[in-house]
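Two complexes are shown next, each including chain A; its partner changes from chain B in the first to chain C in the second.
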Partner chain A sequence: MLGVSAAARVAVVVVLAAVVAFPIYTSFVSALTVNGEIARHGLLPGLGSLTLANFAEVSRSVDLVPQYLVSIAVVTLQTLAQVATGALAAYALVFPRWRGKGLAFALVLLTLAIPGESIVIPNYELVSAIGLRDTVLGVALPYLAAGYPIFLLRQAFAGVPLEIWEASRLDGAGDLRSLVEVILPACRPEVTTAVVWSALSAWNGFFWPLLITDSSSSRTIQVGISQLAASEASDPSVLFAGTVLVVLPTMLLVVLAQRLLVNGLARGVLH
Partner chain B sequence: MTIHLPSPETGARDQAPDQAPARTRAPRRGGRGGAGPWLVVPAVLLLGVFVVRPLLRTAELSLYASDIIGNPTRFVGLTNYGELLTDPGFVRVTLTTILIALLGTALAVTAALGAALLLRRRLPGGPAFSIVFSLPFAYSAASASAVFAGLYAPSVGILNVVLAGVGVEGPAWLSDPVAAIGAISIATGWYEFGFAFLVLTAAVRAVPPEVVEAAQLDGAGGWRLASRILVPIMRPSLLFLAVTGTISGLQTFAQIQVLTRGGPGGATTTVVFQLFQLAFGNGTPDFGRASVVAVVLVVLVTAVTVVQFRLLGGRES
Partner chain C sequence: MRARTPLVVTAAGLLVALTACSSPSGSGSAGSSAPGPSALADAQGVTEVSVWHGLGGANGEAFQAAVDDFNSENEGTIAVTATYQGVYADLLAKYNAAIRSDSVPTVLLGGDIATGFLTDVGQSIPAADMAAANPDDLVLGDLAEQATNYYTVDGVQQAVPMNVSTPMLWVNRDVLAQAGVDESDLTTLDDVVAAARTITDETGIAGYSMQADDWYIEQLTATAGQDFCLPANGRGDEPATEITIDSGLAKENITKIADLYRSGVAVDGAPDGSAAISAFQAGKVGMIVMSSGILGALKSGEPFDYEALPFPTSGPAGESGPVIGGSGLWLSASATPAEQVAGWKFETYLTSPEAQETFSHATGYVPINTKTADSPSQKEFLQANPLAQTFADQLSGTPVVSASAGCVSGAMTAVKAENISQIVAAFTGQKTVDEALDAAAESAKAAFADYQEQLAG
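After this line comes the complex of A and B, so read on.
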């Protein structure tokens, strides 16, 4: 009886996994074979039709390499800035006593509730007015601080025994040294989660980078892939090759660090 | 000196000084002791300039008519609101957005709940399946939409070729109004499935084994164990996913921009796509009316957030 129910469970899992994996499998296979191979020979293409031509084609047809570099620059800027401003703010919101602390935290919570897509017009006006349109800095500027990393790190810092902080202060450490040498090392898992969250949201950003960039070579890779979808709809193999290149870094993260994502990101967002 | 040990679970460090006034503070040294509160300034300044200010400015812009390059010209009060909110086209856009948000979220959360529950107990190849179910998390809205653009593409799309192989005639995914909403919802549900699976896997693993064993001793197995014991325990995670999924669904843009551009015949135009067209589309930019659309989005998202707090409050009381 148990064997039958276990077999049924396996069968359902296999079907569900096949459905979930279908877009990934077909896009990877199409990207690696000549165009129309799946349509002609089904989902198991012959080894003879393997090719890297689609990748060569996609790197010719869009500014994929500069766009990749723009994305990496945006991710680096936003992640460093969000984690730095977030750690500083979280420290101020947890350890020292001061008036207005509750108000500052309320502001952080307010920004968490505002949909990012609703405030692009004034940011577009401002970033354009200071001449940063179509630049990497212009893409990253509105996102150098974010509510979620502050919130996450504040929760983590609040769990550090106050005695540890007081001991470091008694040793003569200033606020910055206490933060960097004592508090941050005590909250390593949450700092990792904040870094991963900031990096992913920077890498995945789409609406704002689309609005604030004009020239192909200063667009991010996400915007690049959306324009490839418009221009290569008749040649899915080339489009799929583009999606493979875009998704490789995050796919490596999922495959190599799935446990970290479950324990950190998935549990962390549940506070 | 009494030692005050705050409970790590409460996270209520703010309240600690008031509750334990006898506790001695760390001595302040040199001029550095007072610097702590100032560390909040960079974050507050940035959030003020790039989140709070734009919110207020959006509300202001929504009360103005716009000139030919989008700048506000004259105060028109609530005229923009009156025009847009009585426009059947915009009402339809709002309802379409809500429909796509709910369909995509329902698809992602129910499928992810099934997958997480099925993988709770040991299964041959379990860890590999777990990775497969997490993979859609690697995709952004834009890259998932690009993949689905290739799958849905008319005449060369792979999806209908494969469906034909199993004897199903697929619809014209992007040119039929009803199928297009389904196509957008499927793409949305697929890429949100990855995150939902990660969250629900964490939730399943957090269920105390004693609870499951006790239920099994009472004869609850399989379906009953899942529906009566596990799902109620996982309710906070499910609620969290329902709310965040709906909120991100209300902001659906990349899928529309990549797959349909709002078509066919406006059938898949969402709130954010409308905002995009009014402010940054090919026509004359109209920041005034686009700002009304933005305010509507804020109201919709706030409504979902309020419902979330109601539901959470009801659970805890």
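After this line comes the complex of A and C, so read on.
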């Protein structure tokens, strides 16, 4: 019986992995072959038909290096800020006693229900008015704090026994020291999740960076790559090459973070 | 990238919502305040011109090359900075945001379906006014009437067509030969439908494919000699209030194409054209209906024997023909007079016979300056590239009538989005053609009414 259920579990995992991996695989193959190769020869192209021409075309159309750098700057800024503000807010929402804590948390939850698109125009007007249009800071500014990391970390902190926090306070640690040296290490998997979530959403941002930047050199790579999709007819293989270039860093991030995540889980809450 | 589609759709919705907030100023179809040549002559130093466009890929590279040429010709007086701002829908959403913060570019190269909206928001000087004030620059009469017809609203030419595409029937000659279909027999839609069935019956290869995009549904309507929207394709005194694809020849045509999909003769009717292009290149489909603009993509794949034929018609000759695609140049009414004249000089350059010749060779677009045809190098090019000749012939041969002008309305973006989902439902068999077209017509009515209400509010 045990064997059957283990086999079933493996089968489910294999199927799920295939569902996730298939589009990525076809993207890579399409990016490395000329148009129509998959339709003509199936999913296993011969080694001889592989080409880097599509990537060369991408680098001709798009300012790859500056836009990668802008993306990296935006991701770094947004992620650090979101995790920092998230951790501080979550700490305040869990440990110290103060009136209106429930209301404050409800307000944070409320921000999760507001569709991002509905605040794009007010943000645009504000960021333009303070002269930050077409800058990296302008791209990141509205997203320096986000509801989801606050929620995630608040739930994680709430699982830490209050006695641990009280003990650290009794030992003379201030709020900031308690947060950084006691609470955050106890919640490493959730902190990692928050980092990954913030980084991915910063990397994948499209509409806002498009709106708030005007020049090619201050654009993120996501916006830059969209230039490969000609409005009327595009070259599918070149599009796939662009997609691969954008997906690679996120795949690396998830793979690396996965190890931290698993490590954190395996090591237990405290160490 | 993954969150892209909903954002674009939302942006399109936002665009309609924003019209209510922008007050028409500076434009208007009569009584011009267009500046003349002295505005630029009196300007000190270099006049900066900002340009936003939605041309990606090879088209974008060719556009940038034209910008560079213009800048080197005008060094010391005019400097143009062109920036890609997303596909047409994104570009328009961005333009909308810019209206609200008074930061619109001097020149906007806006997609064709935005014509109604861009006219209504009144942020641009009509091209007709600029041409009248600057007689030494662009002569609008030199441009193909089929293209200027599209950008003419209430009898006034609002924008200058820059890149014009035209829909074609692309055929794979090897597949046609295998099925015993003669390409000279493919002139009407019925010919094409019958040929598609023959191809599948004789060879087992899919006979037909068409991107499930509203542009092609507009073509099936216009080539039937039918106005896409009523009254008068939105070009008269009254704004458009309804679409006509649920009636007449347009409905018959859509039904015929839907039958091809349902019987397995046609494949890959997805809203994204990439699948159809790839299938065509791989010889998996005999005929596809696609823009002339795909030529670049076809050239970059593995070579095979293909041909572009005129878009099949179903309506009476002289009253029916395809609608143009592409985009037009809109000149900002809020730029300084010197910038406006400099922008107009840029538009003059882009639509000049020479620039149009170079641009059309690098892309699949059709030269819209009729004088391009007189150039010896163009004649040579057309001889060596018969497909470009076919595109040009189709454009010049299209009768300048109401049906081929296409529908103009600020609600077109919303109408288009809903039509696409209904067409996909009809092609895949989720709905009957009747149900899908009725639903499309109902939502279009609501979209037109909403738009008018917001415009009035």
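Everything that follows uses one rule, which is that the second predicted complex is superposed on the first by the 210 of 271 C-alpha atoms of A that agree within 3 Å, B and C clash if a C-alpha of one lies under 4 Å from a C-alpha of the other, contacts with A are read in each partner's own complex, and residues count from 1 in each chain.
Here is the rule we use: a contact is a pair of C-beta atoms (placed from the backbone, for glycine too) under 8 Å apart; a residue touches a chain by one contact, two chains touch by 3 or more.
What you see is a predicted model, and the numbers here were worked out from it, not measured in a lab.
Engineer: Kindly classify A:Gly86 by the partners it touches after superposition: chain B alone (first), chain C alone (second), both, or neither?
Structural biologist: So A:Gly86 only meets chain B here.
Engineer: After superposition on the shared chain, which partner residues are touched by A:Ser61: those of chain B (first), chain C (second), both, or neither?
Structural biologist: Touch status of A:Ser61: second partner only.
Engineer: Tell me the contact category for A:Ala229 with respect to chain B and chain C: first, second, both or neither.
Structural biologist: The answer is both, since A:Ala229 touches chain B and chain C.
Engineer: Given the touch rule stated above, what does A:Glu117 touch, chain B (first), chain C (second), both, or neither?
Structural biologist: A:Glu117: touches chain B and chain C.
Engineer: Have a look at where A:Asp214 lands relative to chain B and chain C in the superposition and call it first, second, both or neither.
Structural biologist: second
Engineer: Is A:Glu190 contacted by the first partner chain B, the second partner chain C, both or neither?
Structural biologist: A:Glu190: touches no partner chain.
Engineer: Check the contacts made with chain A and report whether chain B or chain C touches more of its residues.
Structural biologist: Partner with more touched residues of chain A: B.
Engineer: Report for A:Arg169: first if it touches chain B alone, second if chain C alone, otherwise both or neither.
Structural biologist: After superposing on A, A:Arg169 lies in contact with chain B but is clear of chain C.
Engineer: In the superposed view, which residues of chain A touch chain B and also chain C?
Structural biologist: 36, 38-39, 115, 117, 120-121, 124-125, 204, 206-207, 210-211, 222-223, 225-226, 228-230, 233-236, 239, 243, 246
Engineer: Touching chain C in the complex: which residues of chain A?
Structural biologist: Contact set of chain A toward chain C: 34-40, 60-61, 115, 117, 120-121, 124-125, 128-129, 133, 204, 206-207, 210-211, 214-216, 222-223, 225-239, 243, 246.
Engineer: In their complex, what parts of chain B are in touch with chain A?
Structural biologist: Touch residues, chain B against chain A: 3-6, 8-14, 16-17, 25-27, 29-30, 32, 35-40, 42-44, 46-55, 57-58, 61, 111, 114-115, 118-119, 121, 123-124, 129-151, 153, 156-158, 161-162, 165, 190, 193-195, 198-199, 201-203, 205-206, 222, 236-237, 240, 244, 247, 250-251, 253-254, 257-259, 272, 275-276, 279-280, 287, 290-291, 294-295, 297-298, 301-302, 305.
Engineer: Provide the residue numbers of chain A that touch chain B in the complex, in ascending order.
Structural biologist: Listed in rising order, the residues of chain A that touch chain B are 5-6, 9-10, 12-13, 16-17, 20-24, 26-27, 30, 36, 38-39, 42-43, 84-86, 88-89, 91-98, 100-102, 104-105, 107-108, 110-111, 113-126, 141-145, 147, 150, 154-155, 157-159, 161-163, 165-166, 169-170, 172, 174-176, 179, 203-204, 206-207, 210-211, 222-223, 225-226, 228-230, 233-236, 239-240, 242-243, 246-247, 250-251, 253-255, 258, 261-263, 265-267, 269-271.
Engineer: Mind pulling up the chain C residues that touch chain A in the complex?
Structural biologist: 1-4, 7-8, 10-11, 14, 18, 50, 54-61, 81, 83-88, 90, 93-94, 97, 100-101, 103, 111, 165, 273-274, 277-284, 290-291, 293-294, 296-297, 300-302, 325-327, 364
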